[in-house]
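Both complexes shown next keep chain A, but they swap its partner, so chain B is in the first and chain C is in the second.
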Partner chain A sequence: MIAPAKPDLVTVNIDGQEIAVPKGTNVIEAARLVNVDVPHYCYHPKLSVVGNCRMCLIEMGMPAVDPATKAPIMDPATGKQKINWIPRPQIGCGTNVSPGLHVKTTSPMVKDAREGVMEFLLINHPLDCPICDQAGECKLQEQATGYGRGYSRFVEQKNVKPKRTQLGPRVTLDDERCILCSRCIRFSKEIAKDDVLGFVDRGSYSTLTCYPGKKLENNYSLNTVDICPVGALTSTDFRFKMRVWFLKQTIAIDTESSVGANTVVWSREGTIYRITPRRNDEVNDTWLADSARVLYKAVKAVDRLAATETIEALVARAAALFQSAPGAIAVVGSGRSTVEEQFLTRHLATALKASAQLVSRVGQGDKLLISADRNPNVRGALVTGLIKTLPAQQLTDLATQIDAGKIKVVVAINEDLSVAGLTTAQLAKVSIVYLGAHANATSAAAKVVFPTLTVFEKSGAFVNQQFRIQKTLKAVPAAAGATDDLVVLAQLVVAAGGATLPAELAALWKAIAAEVPTLATMTFANLPENGLLLDATPFAALPFVEGETLHYKPAQPAVAAAIA
Partner chain B sequence: MNLKPETLSKIDEVITHYPTKRSATLPLLHLIQEDVGHLPPDTSEWVAAKLELQPINVLEVITFYPMFRQKPIGRRHIKVCRTLSCALLGGYKTCATFEQEFHTHLGEVSPDGEVTVDFVECLASCGTAPVVMIDDELHEKVDGAKAKQLSDQIKAEAKKR
Partner chain C sequence: MPAPEQHRIIFKHIDEPGYTNDIGCYLRNGGYEVLKKAVSRKPEELIEEVKKSGLRGRGGAGFPCGVKWGLVDRKSGKPIYLIVNADESEPGTFKDRYIMHQDPHQLIEGTMISCFANNVKQAYIYIRGEMPHGARILEKAIAEARAANFVGPNILGTGYSCEIFVHRGAGAYICGEETGLIESLEGKRANPRIKPPYFPAVLGLYQCPTIVNNVETLCHVKYIAEHGGAEYAKIGTPGNTGTRIFCVSGHVQRPGYYEFPAGTITMGQLLNDVCGGPLPGRKFKAVIPGGSSAKILRFGERFKGKRKVGTELVDYDWGVEDVPMDFDSLGMIGTMGGSGGVIVMDDTVNMVEALANINAFYSHESCGQCTPCREGSLWMKKITSRMVHGQARNEDAALLKSVADQIPGRTICAFGEACSWPTQSFIAKFGDEFKQYPETKKTAKPVDAVALV
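After this line comes the complex of A and B, so read on.
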């Protein structure tokens, strides 16, 4: 195998530390590698560089050479090559490294420059931090503390601008707080491809505006709130709800499609307040769809199921159903279950000598962070061996078998069978054991209902479209009357006559590692936060439905149309 | 957008002067303002469609430059200089005289529709301060008396029409 070409490395000196960085890196990123913070507002690693906030000013110099002979000029005092420092500060974001570049980020000139920039930025910035949602995660607050002058010389009147402009259905703008960094404008143009934001007027009157008659309403609008370094763009949903420093952060996965965007769930005392993206350069960069941020509302939804019996009683009733119809049982698993649940579902199907199937959910991919496959974990079911082929959208086979009287009991896990093509008559004809968090037609028709958890109340792993296994952690405690899916499934396996399997993640993963070759070397605790790529070659021939999305190219042309 | 045929042909011609269409934004806005007298509300969308931009990109340019007007002005545009030399030599009085003569206020269309008086920054003729530009014509050393004389001239021409 040919070794991959090493990226062109360039050696630079930042505050006296030498470091080799890839060519094309800018000074902010190079400094980050040696743990030197270069404060900035407008620069964002995933957007184009504009250099308009001037906060990242640094002092830079190049090794001196004789203009005629190109021989290095030595400094007799130190015995090293002399550095020609540029007498004026330069912006770090717009300066790419070059061999021998020297950078000072702590010199008096840089300190002065930063104080000056901070002073100008604060001139028209209102002092409403006590009521500002950004407080606690505000770059302006942090950098005013870190690099500001500490007192104000401003005696004039501050500008007055609109305080609560609705830019769109989910974003509210406070124009007075805006420092005109233009990150939101660049995001809308470059990533969301919906160029509706811009600055109108000029000087201190510059105002962030959405083009009259248009709205910032694309499904990625809330990313502008995330990247806003100040409190100008706020989420209408989260606005004035909770101070961010009270919130607990839990890592999670966006389960609305097979992209598996990485998220952080912010909660306090068992209530989730918001979901924000978590950077993963291989999956979602720093972005997240708006639709992924409201998924938490399912936790406290009015249609949550709650048990009226003990789990033992429910299991006993399910066991009786299992014994009443040996060989006439079907298991409908879910592409929305975690890897662990799918593993136990497989065991349940084996113990019941039943075939297991999934229900496919296909929508339109948006080419960014929502793929055509709206099940987050179809590949998990493939990896754990729950299914061998890709699921269909309709359970036609099952319907025929029910009509023929061959199936008497159906175990449905988190899937509404009526949506998957079974009629009310068919549902009435069989005894249904339903596991799920929310009420639906299937739970209403079921003989035994196990209320289980939403994804925010449990830990587990999902395998995304890249065959990257990623973990999600429990953010809030289980709702009253709901039981962990793993506990229910493990008990059902026993009720069906199968082996006793652990319902606790660490122990369960030992069993998974022992049985699933692809996951043989893994434990749940060792799964890195950014996920781990699994070997996808055994499944290369399957016609997956996903089209191209961010950081994902389908191996073969998408056949979504053929399946739909 | 109701533009004259010659403006349209000028617009199509000027676009070819630039390597990217976007660069023609300013010249296009100038041509439209010359034709219509101001930039009507649908200008952004019209220019954006012409140059394959988004309307917000054009609106940013229109609102950035004070030379672009989004409202109609009078038949003539009187620009009185207010920068240092002119201010010292009576630019403010000149300006006030025009306002009184036409019973109007800065930036407004006079009741007879003849003029709009604006107080502007340096017109680059400090040696002959105070100066006034009426449309494209520069008038030097415009004190109160000369301002009155210029106003009378405009009124007389208006009567003839």
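After this line comes the complex of A and C, so read on.
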């Protein structure tokens, strides 16, 4: 008999390989750990198990024991304990490990079961792969390669169902492709808590639809498209735009809020086509808000700034402004900048002997993947020492100082000062050096404008609400006329009389690691894709505004006043 | 050998002249006396009687009732529910309907005894959606029983309270599958649940321990409570105790319902002696012994093997007529006693057409959750419909068999078996007819032939 390795671990045998897995693991997940793939459709690690597709059927057995004495029954041929194999295949998704469980995934019974299910799934499937967006990432295509017959025995009429139902503003449904796995229904009910999807009719005529008078329009609707194993649910935005195999995948972070959901950016030849979630069981599981998926539109937005002068000329003009007002300069950094940019911003402020501040951006959290703090990186500013206290939403102090004539030059990074409470008159009263990707009232009023990059055009790190530092990588080249924020900032630091700092990430991180104790042992290259938790104790007393979201509980109750 | 006499214990008053379904009539006939005695006994004693009786469920699977009650999780601290499965929809089955229409108080008494035995405080009668009349009768009967303090709070002054609610089904065959029924009762689509983990005895209605029993089963419980388990076990044969009700339909002289001690009557006795044999000038061709999902038998085939009689193994060599109509004997010859619906077909029936009819039913009734049943049942239907209405091909028989073989044992619920067994058995036993069908179709049909689905 196989002795359990640890009390909470259960040893199982999968295709002859033994492995100890945590109690409660199902056979699909246990098999994954020994690199055995159990094909499946309806099972999703983050949803309830319903066992309806029957693709995951496996052969299962338990060590034989004498019913009376409970003594193991040995197999004289092998000298090992005999295994009682169950004569019917069992579902891997719905079967949790138990001590001594034996699983076969390659036996004739399993092969036959998989082939049967595959054939059944295909008989009424329209097989319109050539025009289907899912082609290339379709589980049906994938498993058909392994378990499909290669020809059809089905000579009857296929079922006819609605081909293009708008389930909501962002999701289009092709019912003929639906394999009725119910993932989308379970997601809506269990994760989005917006129970709007269901099946009508029976048997093979079952049809997915929205309940009468309802729409699939919550801010998580596109997750149903992600988890739909086939091309039934498609993103209306992405539909018919691009074949997925042409797209380059780049890891990124959702910068909408301090949750920092992990994403993949899909691009081709400098154009982004879609953003999808990247699994991180500590942050966003496999989910992503719809609103996070349209952020890429900022890259090609009509209001992108483009430089008409060389960077050297711009830096020279900024340097002149700096020299014109020693001691009367303010720096407004950003909670939307990367850790690296914030580090350089701090050096700029120091070199200018200016105080640095951030603008807070607070909204209602949705308890899932959008937190109350709509800045993705306030904690980065704390960690890098750019700020010591939490930012306010209005730059009231700065306004007073401008009115009093104490501040004459403002360096604004990615922040529209008019939104942060400065009046047109106040903007006119000071000389502004602006760094940003898009035009706004501040860039219009600025004396010097550095067109910089959107998050998709650069690499860097963000520190989310959990104090998890996560990296985002450059998906597409910089827009024409825009310069990397790091290059601009490094040059401004020199123009302000500061030290020469690298603008290139690997080198810059040496400087960061040397100066910032929390990041002392890190390099950018070493940052794991799923991020790294930083020591948050130095900041434990700060009244952060976030309430509870997925995988995050505030250390102290959110400050009501901050939201109001 | 002549057929034994009918022994009506459940159908005692069915069709009895002057017997009405109101409580007055029931009381005049000794009604609720068993309940009165039962509530003065220990619940465990009643469960023990049911175990002793050997009663097997009459809903189809023949699962021992006492064992089922023994599996109920009584330690969870959650309430225990009892559900009366009155969804009777298996084609060929029409016994529960008569109990509910003509003798509803028998069911209510049996239900209350079972509730008391299992400490159930709330019971539901889930009645088939297409039986509105039965639902009205039951509601009236429950109201009468409530007024007489047989149902409701503080029953007969014992301090024990229990309510019965009638719930009208959602109009689908799958609502009869116990976990589908539970989903439906919870207000959802009747999609059967996966087992494990959702065994009704542990995680049933509202995730509480739940007993699901067929209407007839609970009537047997009443009889057992009255006469004792040992006495009940004397009726019928060992392993198949009590009586069985057969609903005979199709090509016999006297179709109808007949109640016999289980295992004492053979198929031949039932069809020939009791039901009067085939219609004039016809010959029996085939019979489905336990509701349309049971595997079909072909007259003329023989079954040989060894069976247990007492402790001994004896040889048997049976024709269809010789098979005793009990769970075990029918199981031995590869079919099942099921719900007791005996469907008889004579030599006027074409087996392809008969199967087309059955396939139409099952493809229409699959809930559609799991792939093999959902797709397989409709595929088989499409094939047999095409054979009948369009072009029949020589290779269709082999294809049908292969499709059917991909379904059973791979689905969430036993509907997978129910929808594939007909095709498997029709092809196995009447393969010749399927092969000849392209030829058969060329001969003209009788003008009065019933339209096919």
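Methods note: the second predicted complex is superposed on the first by the 553 of 564 C-alpha atoms of A that agree within 3 Å, B and C clash if a C-alpha of one lies under 4 Å from a C-alpha of the other, contacts with A are read in each partner's own complex, and residues count from 1 in each chain.
The rule we apply is simple: a contact is a pair of C-beta atoms (placed from the backbone, for glycine too) under 8 Å apart; a residue touches a chain by one contact, two chains touch by 3 or more.
Everything numeric in this text was worked out from a predicted model, so none of it was measured.
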Chain A as common anchor, with chain B and chain C clashing or fitting: clash
Touched partner set for A:Y211, first chain B, second chain C, both or neither: first
Chain B versus chain C as contact partner of A:G421, first or second or both or neither: neither
Touching partner for A:L197 - first (chain B), second (chain C), both, neither: first
First (chain B), second (chain C), both or neither touched by A:Q157: second
Contacts of A:A113 with chain B and chain C, given as first, second, both or neither: second
Which superposed partner A:P63 touches (first chain B, second chain C, both, neither): neither
Greater chain A contact set [chain C / chain B]: C
Touching partner for A:G51 - first (chain B), second (chain C), both, neither: second
On chain A, the residue positions that both chain B and chain C contact, one per complex: 198-199, 201-202
Residues on chain A engaged by chain C in the complex (per definition of touch): 49-55, 57, 88-89, 91, 94-95, 112-113, 116-117, 119-121, 123-124, 153-154, 156-157, 159, 179-180, 182, 198-199, 201-206
Touching residues on chain C, where the partner in the complex is chain A: 172, 174, 189, 191, 194, 196-197, 363-372, 374-379, 382-383, 386, 399, 402, 406-407, 409-412
Residues on chain B engaged by chain A in the complex (per definition of touch): 44, 54-57, 59-60, 63-64
Residue ranges of chain A in contact with chain B within the complex: 189, 195-202, 209-212, 214
